[in-house]
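Each of the next two complexes has chain A plus one other chain: chain B in the first, chain C in the second.
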Partner chain A sequence: MIASILLHVLILLLMPPLLLGVINKTKAGFAGRLGAPLLQPYYDLARLMRKGSVFSRTTTWVFRAGPAVTLAATLVASLLIPLGNHPAIISFNGDMILFAYLFGLARFFTTSAALDTGSSFEGMGAAREVTFACLVEPTMFFIMVTLARMSKSLTLTQMLTYPSFDVWFVAGATMLLLVGALFIALLAENCRIPFDDPNTHLELTMIHEVMVLDHSGPAFGIILYAAALKLFVLGAIFVNLALPFKTGNPFINWAVFVADMFMLAVLIGVVESVMARLRLVRIPQLLVAATILSAFAMLLIVR
Partner chain B sequence: MISLADQLLVLVMLINFIMLGTSRLAFAIRAVAAQGVVLGIIPGLIHPFSGHLLVITVSMIVAKGLFIPWLINDAVRKAQIRREVEPFIGYVPTLILGAVFTTLAFVFAQKLPLAPEHRELLFVPASLATLMTGFLLLTTRKKAISQVIGYLVLENGIFIFGLLLTEAMPFMVEAAALLDLLVGVFVMGIVINHISREFSSVDTSRLQALREE
Partner chain C sequence: MIFVWHIAVDPVANILGAILLIGLSGLPGLFIKRPGPGQKMSVVITICASILGMTGAMRILGGAPSVNYLLEWPIPFFDPCMLSADPLSALFLLPLLLSASCSSIYGLAYISASEHPGTEKQVTFFSGLLLASMASVLVARNGVLLLFAWEIMALSSWLLLMTNKKDAEVQRAGMVYLLCTHTGTMALFVLFSLLRAESGSFLFPAIHSLTTGGLTLPIILLAALIGFGAKAGIMPMHIWLPGAHANAPSHVSALMSGIMLKIGLYGIIRVVSFFVELPLWFGWLILSLGIISAVTGIVMATAQRDLKRILACSSIENIGIISIGLGIALVGMQSGNRLLVVFGLVGAFMHIINHALFKPLLFLGSGVIIHATGTRQIDRMGGLSITLPRTAPLFLVGCLAICGLPPLNGFVGELFLYFAAFSNGISAPLPVVAFIAPILALVGGLALITFVKLYGTIFLGTARDASATKGGEAPFAMLIPMILLTLACLITGVFAPLLLNLVEPVVVDYAAVPVELFERLVSIVPLQQLTMINGLLLLVILVIWVSWRFIVQRAPLATTETWGCGYLLPSRRMQYTGSSFSSLFTGLLRGSGGDGNRHPVLQGMFPASAGFASPTTERILDKIIIPILLGADWCLAWLRRTQSGHLHFYILYIFATLFVLMLWSHQ
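Entry: the complex of A and B
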């Protein structure tokens, strides 16, 4: 039991940057390059942690609290979701609301820290971030409500371990709608390519990267790690829905889960390689479409 | 087989949303063709096989999937219409309206006094939702050609409703409706050509003005 929890926490803490490595390797493969080593995100984090920090004199404690609160909220959220078949470490009735609003809290502090710098550039990024977030939030809630209704439970562990291939067979259309909506929400929440380009750091079209321009050293490392962790958390939800393989043996389950996560990372890498960034005016359209997909899934289940 | 038909009806309703959300005329035409083909397959899934059924299925797929889209594409080319759909109200509001209408269709279908064997199926809500999408496309689009597409979607909705009644209503009636539709699209094509020749624009909102400004 203790060993299982330990493994759970270890995978949770150590795996996220590796996903970024896999995504970058996939993109490099598409472009015909060799690409950075798989472990590059870890080297980057280690390098940032060794550096000193520069804080502007115009900033207040909000700017320093931003990365810390973001990381803390994301970490707590990551403890609420089950990985593969393994139950979440913290689980209680209605934890899905806490889960959703922990991300809200993290976003609030990231945007506040961006506004605290007084830079108009970062203010623009913050405005975009919250605008798109309000369109993603209903999607997440429709997905959660649909899953709660299907599994007749209000804890994330039961909701997310409920999907299986039998469920896919009976309610295929609903599951397909959910997975489609969740994938769009995942890309939007993590600022991946159709919505935002995680590689650019100085361009007027970006959303998330522009907000963290003034952070340096360990604070920036924390932001990068929290972003990777968020990708991992939402990815784990996606994997639970889309690829619900279940075996009896817990260790095989872990192996399957890790393999699933790598498949998801490759999928994101492929999407990023074959698509271009959307025009900014098209983004709300796609997000509303995702909301409608998830609302439609709920309609099919509730009726 | 019935459950597969239900999944296909979900696909039909998704195509409704695609039609409401897209700004590309060519894409909307392809979407309506796809919807016609999906609807052509459904009768084969819910009724026992017969030669009669085969004829209807094949003619449905050929007419709605190939011939009508070809006619519309032809009209687009001849009238040299720009490729944008140009709605009166934006894409996002129409999408949301479409979602509201779909929800209302589901609510309304629950209230209808249906036969017990039809109650659990998606046919009635899908039919009403598709009808409402057709109305929405007809009323919110400026171009005459996009209104033809709305008219096609409307007919698709009626066809879905007709699927439930096929025991009472012979396929002959549906075939006649299909013929009507063909003639309708044909006439619309000619009308659009004439409009574009006379007025240099097929924007129906400008047909109210007596003189060109």
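Entry: the complex of A and C
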């Protein structure tokens, strides 16, 4: 029991940057390059933690609190998510609502920290972040209500461990719509292509990277880690819906989960390699389309 | 002697005493020639009266029996005047009395006697009158008495709104408010006349006692919705609200937004409780109007540039959220679903208390900001967290709470509405209420846009307009009320079960739900776990913050300008403004009718200088209501001859009307 929880926490805390490594390796492969080592994100984090910091004169404590609150909210939210077949560390009725609102708290502080610099670029990024997030939010709740109705439960653990291949056979259309909507939400929330390009910093279509332009050193490291953790957490939800492999053995379950996450990372890498970033005006349309997909899923399960 | 002791310990008598004291608190000042002492005296009286009244209200919530006070008054027809307080009244009285103390302390510095020697006395007097009349609405148990209190409330708030009466914008807002409130009162006349015809008395009927059928019930319900709903600012009866709240003095805006809107909701909640059975459509109507108010209100708030208009529009949103809860409960009552009743009511009542905590906080904060900058346009502000180091964190807490973010109180109230939606989604055969969840999520997302924009534009970055930096931090008289409200938001948010304890007796009493059933139903909402998670969240934030500070100290630190992406001469005017922050979102809605901006037309190789204007528009008022009123004006112009403007003619009209009515009734 304790060993299982320990393993759970270790995977939760240590694995997120690896996903970024896998995504980058996939993209390098598509581009015919060798690419950075798989563990490069860890090296980056370690280096950032040792670096000095530069603060802008206009900033206040909000700028400094931004990364801390963002990481704290993401960490607490990550405790509410089951990994594969393993129940979440903290689970109670209605934890999905808290989960969504914790990301709201993180967003409030990330965007406020961006506005604190007084830079027009960061204001731009912050405006985009809150606007697009506001369009993703209903999608997440349509998905949650649908899952709650299917699994007859109010906890994320039961909602997310409920899907299995039997469920896929019975309610395939619903699951397909859910997975589609969730994948779009996942890419948008984590600022991946086609919504945002994590590799560019100075283009005017940027969202996440431009918001954190002025953070440096350890604070930037915290932000990068929190972003990786968010990708991991939302990815874990996706994997539980899309690839619900179940075995009896807990250790095989862990291996399956890790393999699933790698598959998701490769999938994201493939999407990023074959697609271009959308024009900014198209993004809201795609997000609204995702909301409607998830609303259809709910209609299908309600009827 | 025994009688006096009896009065002293009776909670209802305490409340009535408090109301009387608050109502008269501004009176001594009117007779003291020197400005100043009267205001201080009224603050002391108001605080003492609030404490007295709050103990009374708490004891009623704690289960103390409430006594009815029956006064024979010498007005014919109108039945004896009855005053009482039940848990429902007590729930509304608590935030009212808290705001009373807060706003009166705040007024001491905001409308200080030294700076406003002319207006200070009248503002003090009418504030007391406004508070007392609002409280009287809550304890009135007679329709006519309620209407008296209602009119005093409407007029005293109008007089307060007109404090700055030379301003053209204030005049317009005042006129719209006066028209709206009297239209609402007309609907209330219909309501109470019909109620008297049903129950045979102007005294309020007992709870769930009237079995009205036929056409009367819909008319009563619609009259209540129009009359009380106009005061509450439920869409589409909100047209007076943004202008009035923006133009009143800030501590009066706090009262109007935090408390007076709720008095309108109280009216609806009270009237609905008279009937044994309500038509199902009424619940759905309240629910739909709630959704419309919530979404449209926050969309309007997102687009505004005026600090107090943003807060006012967000009040419409919050009234919408409360109405959603109320609508869920009414739908549940009629379909026999106790779960919806309990969760809807708990959500609505909690949000009533929460909004009465964080909205006054934000309005009081807006007063400090206006003092410090001399403007209400957020696009001219910036960087105020350096000049207002104490106000900034208090305002931040208010912003977080109003977005419904954990660990603050706004989240606890909305949690119950989400639970209503999710439980309905799981168990109902046709879960229509479940669709509330994504809508609330959308509203939450929009609130985040609005309040990040509000906080970020006002307090962060640097001042966008150098002229908007004239003042400094507020005096303690203005900070203390804000600190009190902030603490209330934090405590009720972190220790989530506190709010439930406050609301439980009201729901049990109002919806006639057995206590055991109530506790069994709400036991699925994990408030204890939420408290622990809140603690965990704060702990994790602290740990990360401390370790980050530790790590940062080990490496070199530097301070420079904000990185301009290679541009070497960044200026303060290059910052994102509030308008540019929200323009991405408002751009998405542009199809639904222009943004009202007047863009210049540029022609030729060297265009001449051109102007750009971005006026505040009130689309429903300007495009729909005013044309209708102009049409009515054209049709009824001939009636104007009877309006001489001389008082004695109007008295003659009243006499003639009464005479004709007397003849008619004796026919």
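Operating definition for what follows: the second predicted complex is superposed on the first by the 303 of 303 C-alpha atoms of A that agree within 3 Å, B and C clash if a C-alpha of one lies under 4 Å from a C-alpha of the other, contacts with A are read in each partner's own complex, and residues count from 1 in each chain.
We adopt the following convention: a residue touches a chain if its C-beta (ideal position, glycine included) is under 8 Å from a C-beta of that chain, and two chains touch if they have at least 3 such contacts.
This is a predicted model, so every value here is computed, not measured.
Novice: Per the contact definition in the header, classify A:Gly52: touching chain B only (first), chain C only (second), both, or neither.
Specialist: Second partner only.
Novice: Under the stated touch criterion, which partner chain does A:Leu300 make contact with: chain B (first), chain C (second), both, or neither?
Specialist: First partner only, chain B.
Novice: More chain A residues touched by chain B or by chain C?
Specialist: Of the two chains, more chain A residues are contacted by C.
Novice: Looking at A:Ile292 after the superposition, I want to know if it touches chain B, chain C, both of them or none. Which is it: first, second, both, neither?
Specialist: A:Ile292: touches chain B, not chain C.
Novice: Just checking: does A:Val266 make contact with chain B only, chain C only, both, or neither of them? Give me first, second, both or neither.
Specialist: neither
Novice: Which partner does A:Ala173 contact after superposing on A: first (chain B), second (chain C), both, neither?
Specialist: In the superposition, A:Ala173 touches chain B alone.
Novice: Which partner chains sit in contact with A:Ser112 here, chain B, chain C, both or neither? Use first/second/both/neither.
Specialist: A:Ser112: touches chain C, not chain B.
Novice: Of the two partner chains, chain B (first) and chain C (second), which one does A:Leu38 touch, if any: first, second, both, or neither?
Specialist: Touch partners of A:Leu38: none, neither chain B nor chain C.
Novice: Have a look at where A:Ile89 lands relative to chain B and chain C in the superposition and call it first, second, both or neither.
Specialist: In the superposition, A:Ile89 touches no partner, neither chain B nor chain C.
Novice: Quick check for you: in the superposed arrangement, does A:Ala28 touch first (chain B), second (chain C), both or neither?
Specialist: neither
Novice: Do any residues of chain A touch both chain B and chain C, and if so, which are they?
Specialist: After superposing on chain A, chain A residues 284, 295 contact both chain B and chain C.
Novice: Per the contact definition, I'd like the list of chain B residues that touch chain A in the complex.
Specialist: Residue positions touching the partner: 6-7, 10-11, 13-14, 17, 21, 91-92, 95-96, 98-99, 102-103, 106, 110, 125.
Novice: Okay, in this complex, where on chain A does chain C touch?
Specialist: Chain A residues touching chain C: 49-60, 62, 64-65, 67-69, 71-73, 75-76, 90, 92-95, 97-98, 100-102, 104-105, 107-108, 111-112, 115-124, 126-128, 130-131, 133-142, 144-145, 148-149, 152-154, 202, 213-214, 217-219, 222, 284, 291, 295, 298, 302.
Novice: Show me the residue ranges of chain A that touch chain B in the complex, using the header's touch definition.
Specialist: 172-173, 177, 284-285, 288-289, 292-293, 295-296, 299-300, 303
Novice: Would you tell me which residues of chain C are touching chain A in their complex?
Specialist: 382-383, 385-386, 392, 396, 399-400, 403-406, 411, 415, 418-419, 421-423, 425-426, 430-431, 434-435, 437-442, 444-446, 448-449, 451-453, 455-457, 459-462, 524-526, 529-530, 533, 536-537, 540-541, 544-545, 548, 551-552, 555-565, 570, 572, 574-576, 580-585, 588
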